[in-house]
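The next part holds the structures, each set out as structure tokens.
Both complexes shown next keep chain A, but they swap its partner, so chain B is in the first and chain C is in the second.
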Partner chain A sequence: MSDRVTVSKTYKLYLGGAFPRSESGRTYPVADAHGRFLANAAQASRKDLREAVVAARAAFGKWSGATAYNRGQVLYRVAELLEGRREQFAAEVAAGEGVPGKRAQSLVDAAIDRWVWYAGWTDKLATVLGAANPVAGPYFSFSVPEPTGVVGVLAPQGSSLLGLVSVVAPVLAVGATAVVVASRDRPLPAVTLTEVLATSDVPGGVVNLLTGHTAELAPWLAAHADVNALDLTGADADQRVELEKAAAGTVKRVLRVPTSEPEWTDQPDIGRLRALVETKTVWHPMGI
Partner chain B sequence: MPMSATTVHEFSGATRDEASLRRFLQGLPGVDAVGVEQRSAGLATRSIKKDSKLWAIDTAIAMVDLTTLEGADTPGKVRSLCAKARNPAPGTPKVAAVCVYPDMVATAVEKLDGTGVNIASVATAFPSGRSSLKVKLTDTELAVEAGATEIDMVIDRGAFLTGRYGQVFDEIRTIKAACGDAHLKVILETGELATYDNVRRASWLALLAGGDFIKTSTGKVSPAATLPVTNVMLQAVHDWHAATGQLRGVKPAGGIRTTKDAIRHLVAVHEVAGPEWLTPALFRFGASSLLNDLLMQRQTQLSGHYSGPDYVTVD
Partner chain C sequence: MTWEYAPAPESRAIANLKPSYRMFVDGEFVEGKGEPLKSVNPATEEVLAEVSTASQADVDHAVKVARRAYDKVWGRMPGTERAKYIFRIARMIAERARELAVLESLDNGKPIKESRDTDVPTAAAHFFYHAGWADKLGYAGLGPDPRPLGVAGQVIPWNFPLLMAAWKIAPALACGNTVVLKPAETTPLTALVLAEIIQQAELPPGVVNILPGAGDVGAQLVNHPGIDKVAFTGSTEVGKIIQGSLAGTGKKLTLELGGKAANVVFDDAPLDQAVEGIVNGIFFNQGHVCCAGSRLLVQESIAEELLDKLRKRVSTLRVGDPLDKNTDVGAINSRAQLDKIHELVAAGEQEGAHRWTSACPLPDKGFFFAPTVFADVTQSMRIAQEEIFGPVLSVLTFRTPDEAVAKANNTPYGLSAGVWTEKGSRILWMANRLRAGVVWANTFNRFDPTAPFGGYQESGFGREGGRTGLEAYLDV
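Showing the complex of A and B:
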């Protein structure tokens, strides 16, 4: 009997809850930290990005309309599923980032913890960022944070899982929907994350993931009129000014971040959550 | 069945009496379902880019019958639709027509008189067509009196499917007479006709009876306008023109929501019927949400970045 031929995986995009190939039919080779071939990933085109934004917009109503408690439960469940894939994530992080197995394992654990941390924020955010405003009149005045809409996320190029989770989880926690462009050279943990999301209770379209060349996709994302906010974490340093200009042209909120990636293992603050909400203030007569 | 002698062409024999009509319609060659679907799919892969795309978008805008056929229609909604019809966006052509229920025609006329935008009204117990000829006729007369320049009538699908072709023929004839100068579009409701053969028969029936346009659907039944069905109907008007020299129009309605769909239809019009059909006088889109998508795609073409629904009017 001949040796078994292994079934190699076709890495695809994640759009609207489905796993299509790129509309362009393009793929690009992904290598590990030592330059050895790992897999072919789909190379998304601007049309895939357009479809991703359409899917994210369609999913926004339901996801933003879910109660904070429900969103929290859905996100906790994602953490449960992440836990079940620890080995796979650790192997992919170790190969992609070139870190030893133990370090990779701790990065995966940190990523799962980060997810849980943000899941916990869903129903606390309104208390922290909202307010009952004292006003000079017989009115109640409340300020409540509301999700801004569709968020374009350029995921960090270096930290392929912990960094990715640190930028995607806050989008989901506030109730916004995301179009994520994965790390160009280390997209495999991101693809695995979408497989987790697809089998979780996160509705299709809430997270849409594109793999490919960040520099090619970023200008289209920045200038898209139906994207409400842009996270520049994974953008090229020399492309940032142009991206910010394009974003300004379509009245987008831009999350400005340092050009070098932060130490992702550090405990984050709620800066990212705050950046992705709009404050709505309601006045109501007090009555008798 | 009284048949008038006004049909002067080689098909006048077909309309002599019910039996000849049935013989003619049943004798039409069957539609190769696989073939027509394959051809439609093939034409749909044509790539229309840059200047051609911009031209196609503007052409499609000029072909839109901007439609609102809701129970919840109000004069205010019709007025705002009319304003959009006259000037969808800066630099665009105006749409071909506004399509409303008969009781809203007067409101539309107020806003559109003299603008060159036609006022289409559905009539004849739309959308089911289940009423007496008397009611259908009165429905049509009301719309025409109120100022409708185009009448979209529905055929009696029940009669057609039971084989009472003569009854359907007479009904179209009677309504056509009641239309006066108004153009008559005959809605076949292809979603209820079940087969392409029936679509072809109904198309020919409507053309024989004097319909100026054949229209796929009411928009109330799914499936509505599909590319293969539109193809079969385009073939019918093409063949009609070849045989009689008369140009008749086609209007797919319902289910065309994206610019991509609209452009696919335009390709089919060009290839199946012919380039002379690429005018609002002979081809229309019955649509409501399509116009917004066309405007968004137009913005995308002109601005170089993708547009969004926040940049077009909500209606």
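Showing the complex of A and C:
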């Protein structure tokens, strides 16, 4: 048995529900925490990124239009599938982040629990953030949170699964769609996560994942006119101002995130959910 | 039948107009070191008053006193006490409502019936509403004890001068912040009367500071390192500059920017009601409204009938003296704005849209523009894409609800939208799909302090009003 040659995986991009290589044909080597070669990952290009935005926009109508209950079930289903891959994720996290197996396992467990936490938010958000507005006139006025649109996410560079889940799950929970740039040096758990998403009921295009050089892709993402919000968690510190400036060109919502990665195991509040929704107020006259 | 109206002007004396106004810093009215500006009555082109403006040193000083007031007094004052000050302001605005309305119409050019019935009462309501929040912030859903941000730098436009000041100042104070506010260059007067009210309400010195000036003062204010929060209402062009200039500073920013709202009329709409709504949507405040219903999308089968009714109704609008209680459309706020309207209207004609302009008489003096409706507008025309900010309506048609949604959303903006139909399910279907922060169904241009207002996309971010609006002024 032990002399069997294993079948190793080609790590690819995840665009519109498919797994293409980069159109540029580029790859880059990914090493473990000790510098040993793990795999070649696709090195996405500007064109891949634009394709990802197109796919995310195309998927937005259906995903944002799904009922909150349905979205909750679909996201919960993802957690079920994550659970089945616990060991694979733990191995990838341990290798990439250089943490002991037990610690890696607990990070994976926390990531799955986080996913469940966000899955449960889909059908509570309108209750918690919405309102019936007691306006001074014969009108019925109500306000509801709606997904902001396509969200560009620079995933955390350090926490390759728990951090990633903590920034992607809220995007899906509010009904937005995502273009995610994975951790540059630790992209493998992210790619595996897309394999889970592909076999779940999350429609293709709702999450699009690019692996590659964050600093190369980030400016295009920040300036793209069809991206509505931007999460710079994984941005290079010295690139952040430039990215925020680029985002201003189309009045993107830039999430207020700390400059260094937070302790991802801490229980989040609903700040990310709040930052990813728009409040819509509707008025109608009352009368007979 | 033609109605003849006798003039019914409100007395200008009620405005208590003074020959000069000074800026308000640290609880006192002081001379600014900037070049004084002259505020002009756009209906007569006469100078109303001279107003001192802020220099860079004045901005520095105002930010400093606002910081001190925040650290020493306002930021640590219990909410119950803050509330009472803000309630006082609300009451005193109501007490001086008539004076403020006349002054607003003089300085801005809007009809007295609008300043009297909308601007001033809504401004008072905004303070009253937010006063009550000051000691209840823990119930806003933003955590048990949400903290203020510090000093807010606020820049407001000329279309609703007093009301915008209220929208900015009231939530900031309720949440425990102090304020440095810059009113618009062409309409600084009512904000300075509000300063008088704030002084009479005995608000601690430095809590609210009002610095008149042009865009350069605004730029100095929002870029000041002593500011923790920036709130801006104005054009998308300037909003982008501000957002870019704040990149990397970590300052909290809210933007309420331009719009190109679609007002969608279906074939089953109550047409007479819809006509009133369309008129209100685009000719209210001379169309100087960021959420104006400037793109009429009408279902093809009723387009002709609706346009006939609309032109007939619009030709009855009375354009003229803003102080006349019968005036429907007042003066365009400035020469520059009038020029911009002329330019875009010329572009509409050049690009082949069919222009109709009301034959109403216009005053000889002042900045006026007759209500105008463009038919046969296509989506790529400038008058369908750009904010005109004047009494000019662009009319497009659609056949199916899907087409209406696609056309309504075909703009980088997303501030407001209107829907007219008798079918309830269609209203909710449309409301769901329109990418806009406010959707008015079978009504238009309704505002209330309890109802969050603000845009999607390039119409800005953050909300004003309601529980949602508090987030803009809290560290959450």
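We take it that the second predicted complex is superposed on the first by the 283 of 288 C-alpha atoms of A that agree within 3 Å, B and C clash if a C-alpha of one lies under 4 Å from a C-alpha of the other, contacts with A are read in each partner's own complex, and residues count from 1 in each chain.
Here, a residue touches a chain if its C-beta (ideal position, glycine included) is under 8 Å from a C-beta of that chain, and two chains touch if they have at least 3 such contacts.
None of these values were measured; they are calculated from a predicted model.
Ranking chain B and chain C by residues of chain A touched puts C first. In the superposed pair of complexes, A:224 makes contact with chain B only, with no contact to chain C.
Applying the stated contact rule after C-alpha superposition, one finds that A:50 touches chain B and leaves chain C untouched. Once the two complexes are laid over each other on the shared chain, residue contacts for A:250 go to chain B and to chain C alike.
Once the two complexes are overlaid on the shared chain, A:271 sits against chain C while remaining clear of chain B. After overlaying the two complexes on the shared chain, residue contacts for A:62 are found with neither chain B nor chain C.
Shared-chain residue A:281: touches chain C; no touch with chain B. Contact with chain C, but none with chain B, is seen for A:129 once the two complexes are overlaid on the shared chain. Residue overlap on chain A between the chain B contacts of one complex and the chain C contacts of the other covers 225, 249-250.
On chain A, the positions that touch chain C within their shared complex are 65, 128-129, 131, 133-137, 139, 141, 143, 148-149, 225, 228, 240-245, 247-251, 253, 256, 269, 271, 274, 278-285.
Every residue of chain B that touches chain A in the complex is listed here, in rising order: 299, 304-311. Of all residues in chain A, only 50, 53, 57, 220, 223-227, 246, 249-250 touch chain B in the complex they form. Every residue of chain C that touches chain A in the complex is listed here, in rising order: 125, 141, 143, 236, 239-241, 243-244, 246-248, 250, 252, 255, 257, 412, 427, 431-432, 435-443, 446, 448, 450-454, 456-461, 463, 466-468, 471, 476.
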